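Naming follows writing order (A, B, C and D), and every chain is counted from residue 1.
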Amino acid sequence: MEYTDSEMMIVCSARALAGERVVFVGVGLPNIACNLARHTVSPNLELVYESGVFGARPARLPLSIGDPSLVSGAASVCSMADLFMNYLLGGRIEVAFLGAAQIDRYGNINTTVIGDYHHPQIRLPGSGGACEIAIHARKVYVIVRLSRRTFVERVGFVTSPGHLSGEPGQRAALDMPGLGPQLVVTDKAVFRFDRSTGEMMLSSLHPGVTPETVQAEVGWPLAVAPDLETTLPPTEQELRLIRQELDPGQLYSR
Amino acid sequence: MKPDTKVMTMRDAIATYVKDGDTLALEGFTHSIPFAAGHEIIRQGRRELTLCRLTPDLLYDQMVAAGCVRKLVFSYLGNPGVGSLHCIRRAIENAIPRPLEIEEYSHFGMVARYTAGAAHLPFFPVRSYQGTDLHRANPLIRFVESPYGDGPVGVVPPLNPDVTIVHAPRADARGNTQFWGLLGVQKEAAFAARQVIVTVEEIVDEGVIRSDPNRTLIPHLVVDAVVRQPRGAHPAYVQGYYDRDGEFYLEWDRISRDPGLTAAWLQEWVYGVPDWEGYLDKLESRQAEIWQRLAPGTALSEPVNYGVYGG
Amino acid sequence: MEYTDSEMMIVCSARALAGERVVFVGVGLPNIACNLARHTVSPNLELVYESGVFGARPARLPLSIGDPSLVSGAASVCSMADLFMNYLLGGRIEVAFLGAAQIDRYGNINTTVIGDYHHPQIRLPGSGGACEIAIHARKVYVIVRLSRRTFVERVGFVTSPGHLSGEPGQRAALDMPGLGPQLVVTDKAVFRFDRSTGEMMLSSLHPGVTPETVQAEVGWPLAVAPDLETTLPPTEQELRLIRQELDPGQLYSR
Amino acid sequence: MKPDTKVMTMRDAIATYVKDGDTLALEGFTHSIPFAAGHEIIRQGRRELTLCRLTPDLLYDQMVAAGCVRKLVFSYLGNPGVGSLHCIRRAIENAIPRPLEIEEYSHFGMVARYTAGAAHLPFFPVRSYQGTDLHRANPLIRFVESPYGDGPVGVVPPLNPDVTIVHAPRADARGNTQFWGLLGVQKEAAFAARQVIVTVEEIVDEGVIRSDPNRTLIPHLVVDAVVRQPRGAHPAYVQGYYDRDGEFYLEWDRISRDPGLTAAWLQEWVYGVPDWEGYLDKLESRQAEIWQRLAPGTALSEPVNYGVYGG
């Protein structure tokens, strides 16, 4: 069956939620991925939204993390102070998804600015909750399209810390409870991180993609996992769920 | 993560989650104090407990008298509206039935400790304690210099109980727990705990809970056991369910002044009954009209519309 | 008309609430005093209860600050974190009432312990919210019966700071927003504090009480206000309100 | 203290309480954003404002484009689900229509600033910012050493707006304001402010409010003005009243990319109408079916019993 890049990213993200129980979910692809995981690899997955919602049962595809459909019928809705303090800092989040305008060799993420902070070339949205998520969630999964503009040797501004300069123990020394980024899902490949060097490494190539294609879009000499795999394409069941139930309007998965 | 089916008997919930030597918080400010759970802890003979509570109230007085307790973490030792907690005073003043270690804060200090515990903050600023002797009595109360030039600020450390137990009006079977009336520190104490037992007046269909998600202060995410225990807060009250049994608070003042009477009371009302149902049976056999006496009238909240979006 | 000591204390406290708008109220005499003030000198007085209640309309005389009658029909009921943070520390409280087991020359209060802290002669209830109230409420009014056991030169333990050692500026130097104790209402007399020395001084004698009677119950040489007054006895209206409306069972005012 | 009669027109409320140079917080996370109040501020020509908000959203984009704003205090600059806030980007990147000072935090940093502001705490610990460049960009983010030996902890200072404006489903005439749905930081921002304006879908009898005191997150104690302004959050939504007008969020992306179109839009929809009723009339004249399109179905909360005690 044919599938889109977005569908592949959703499927890879969903599969990586196998065995996980509590996920901090952003809107768009992560939202669809989390719901796909609930229908497949992780039926008891609990979704927590930054906006204050736990245990949502949306009657439609939510258009933002503040969508009213997330509230009606939810198990609990709390203030943002309670959400950040009691869920995120409280260590209840096992996996969180982040996007990135830039991500570097060690998984550090920039969503703040391109160019000088005070005289920016491009002003990006900023942290939102990403800085706290990167520090406190036990694992971070990044969803981002592969591009040389995005995958840079060193980000110009660290909004959300990854493995910092790569030396082991740095995160713990800076009192970060979370393990940092564990997975980067793109439209061409999936990356993991080398535990001893903190460095991003190519872990799985989507069907038909070569390592050279990936390297061309990455701004540093890319490490390759010894057990480099080819990503299993989306199954019929996964595609059916995405297309018929989770994003019937193909708003995000097109 | 917590399993999906959490409804247990009180006996099983306490036996499963409360161990000798644990640090426990049985919270509820005047309102909805988990007496039934406390009695079961006494009955099961737990020992060497550290008990945390803003206001130890009669419940901790009874648990101290029963010899369950090594240490008390608190901010106000009183029988509200009546006077002293005599059993706790005996333990502190005269080591009866055993020495009782104390760790003492003010109310906001305790609130801040639970809040910091829930959020895994290394400390919480309270802007209190300057000019008092409380931080001399408790070296865990400290001061940090404000980095904005406002001088030293009192701070307290996080409190993370092994088990928090709260009593609530209603929850669903998974543990989504709703509160109304005085809220005390129940939410903070639950999120701060490693394990949470919720005892409730009613277990309701999850549709009831989900019709009003803003009232769910403790989500199932943090709940380990749900125990259906109607009237489980007597002699305290539950808003809209029953009134406080003020007569018993007065009677306890009389009983607790005397170690012998106290022991006899524990024997009769706690050890001498198999469970809370036994306690309630005994109560009703002595006072047939008790629940009529304590019944409030009805005052329903006006509903709000959450709206249906999509579907 | 005849009246009891308690009625006199209630009336003195209520009158001192003239012009005040937000009071932090304990149960018992302060509760009745605040409600009397609402009926007389301060009709718009707002009552805040430590238990989390604002704008209570109790259908009966509440037996504790946690009484369910304070909740039903209140304007707002919040958690204790919100009550302490947003009302008390937030500087919204103009007057708060405190009791005392010991109070000293400078209005410092002990409700913790008589004797050594670790080997106490008498273990008292402790702070509750009193320590924060003493620091943050704009003014503190103390209600306590006159007795040499209570009025001591120097309290053995400071639970709730008053004017400390009396030197001006000490409270501000310790970052205390409140002005400290302004009034001590007893069954024999009313005391205020000298602004320049921080010292308690006899301000008003209840009818029939002599300065010597008061001095005999106070453990230091008592200063006397230059404008020492005789307390106006309770009016008929005040007594009627207390007896018929506010405490018909004479639970507290007997 | 606040007077008893607080119901005012939007025009009077803004004219009375919002001054040039003020620090304002118009809060509401996606939900219940006070657009009507913001438009009135633009219409009255306020200048040199410091605007605080976690997510500036379209409202602050419009206020920046209108030249009201000197400085922005924020944590996320985005058109949710759509993309950039083009007017704010133009101001930051190219000083159009004027230079815009920024002071930037993360979401929890902003939440903590309001929380500290409400409680008059000199700082609030967030356990964040280590390993980032955010504290290099904003020197108000600092670190203190934990007195319990946990190392340096990120802290933020209190935020105390001159005026906080929130939109809510209902309040009584004195300003007791109830919320359901997403709660954002409305409570904290209100308690932190020197003055508070509440705009509401409905002004209800105080009996409705007092039937459910736990839902009153902002008490009349801190409220200065109550403005009845149905549909006052359009194009944002109010839970149970109307849905988000997603089409306008998309349209604003197109309009706001072009300074000329932006100016024309402000002229037509803000300066060119006398008040929010004028805006709504124009909206309905263009889209007769708009409120049917945005109407949610009904999903009422199950009532709870607070009980009648005494009387």
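Descriptive notes on the structure:
In the analysis below, a residue touches a chain if its C-beta (ideal position, glycine included) is under 8 Å from a C-beta of that chain, and two chains touch if they have at least 3 such contacts.
The shown structure was predicted, so the numbers you read here are calculated from the model rather than taken from an experiment.
Shared contact partners of chain A and chain D, listed by label, are B.
Between C-D and B-C, more C-beta contact pairs are found at B-C.
Annotation: 40 Å between the Cα-based centres of chain C and chain D. A straight line joining the Cα centres of chain A and chain C is 57 Å long. Separating the CA-averaged centres of chain B and chain C is a span of 29 Å. As a whole-number value, the distance joining the C-alpha centres of chain B and chain D reads 37 Å.
Residue positions of chain C touching 2 or more other chains: 53, 67-68, 71-73, 77-78, 84, 89, 175. Residue positions of chain D touching 2 or more other chains, listed in rising order: 115, 119-122, 127, 150, 153, 181, 183, 187-188, 211, 214, 239, 243, 296, 299, 306-309. By the definition of touch given earlier, these chain pairs are in contact: A-B, A-D, B-C, B-D, C-D. Those residues of chain C lying in contact with chain B across their complex are 27-28, 50-53, 63-68, 71-73, 77-81, 84, 88-89, 112, 117, 120-132, 135-136, 157-161, 164, 170-171, 174-176. The residues of chain D lying in touch with chain A in their complex are 29-31, 54-55, 74-78, 80-81, 84, 88-89, 92-93, 104-108, 111-112, 115, 126-134, 137, 150-153, 181-185, 187-188, 237, 239, 243-244, 246, 296, 299. If you check the complex, the residues on chain B that touch chain A are 1, 4, 115, 118-121, 176, 187-188, 191, 206, 209-211, 213-214, 216-217, 219-222, 306-311. By the touch rule above, chain B contacts chain D in their complex via residues 119-125, 127, 142-148, 150, 153, 155, 157, 169, 178-181, 183, 208, 211-212, 214-215, 239-241, 243, 296-309. Chain A contributes residues 21-22, 44, 46, 53-55, 57-61, 67-69, 71-78, 82, 84-87, 89-92, 177 to its touches with chain B in the complex.
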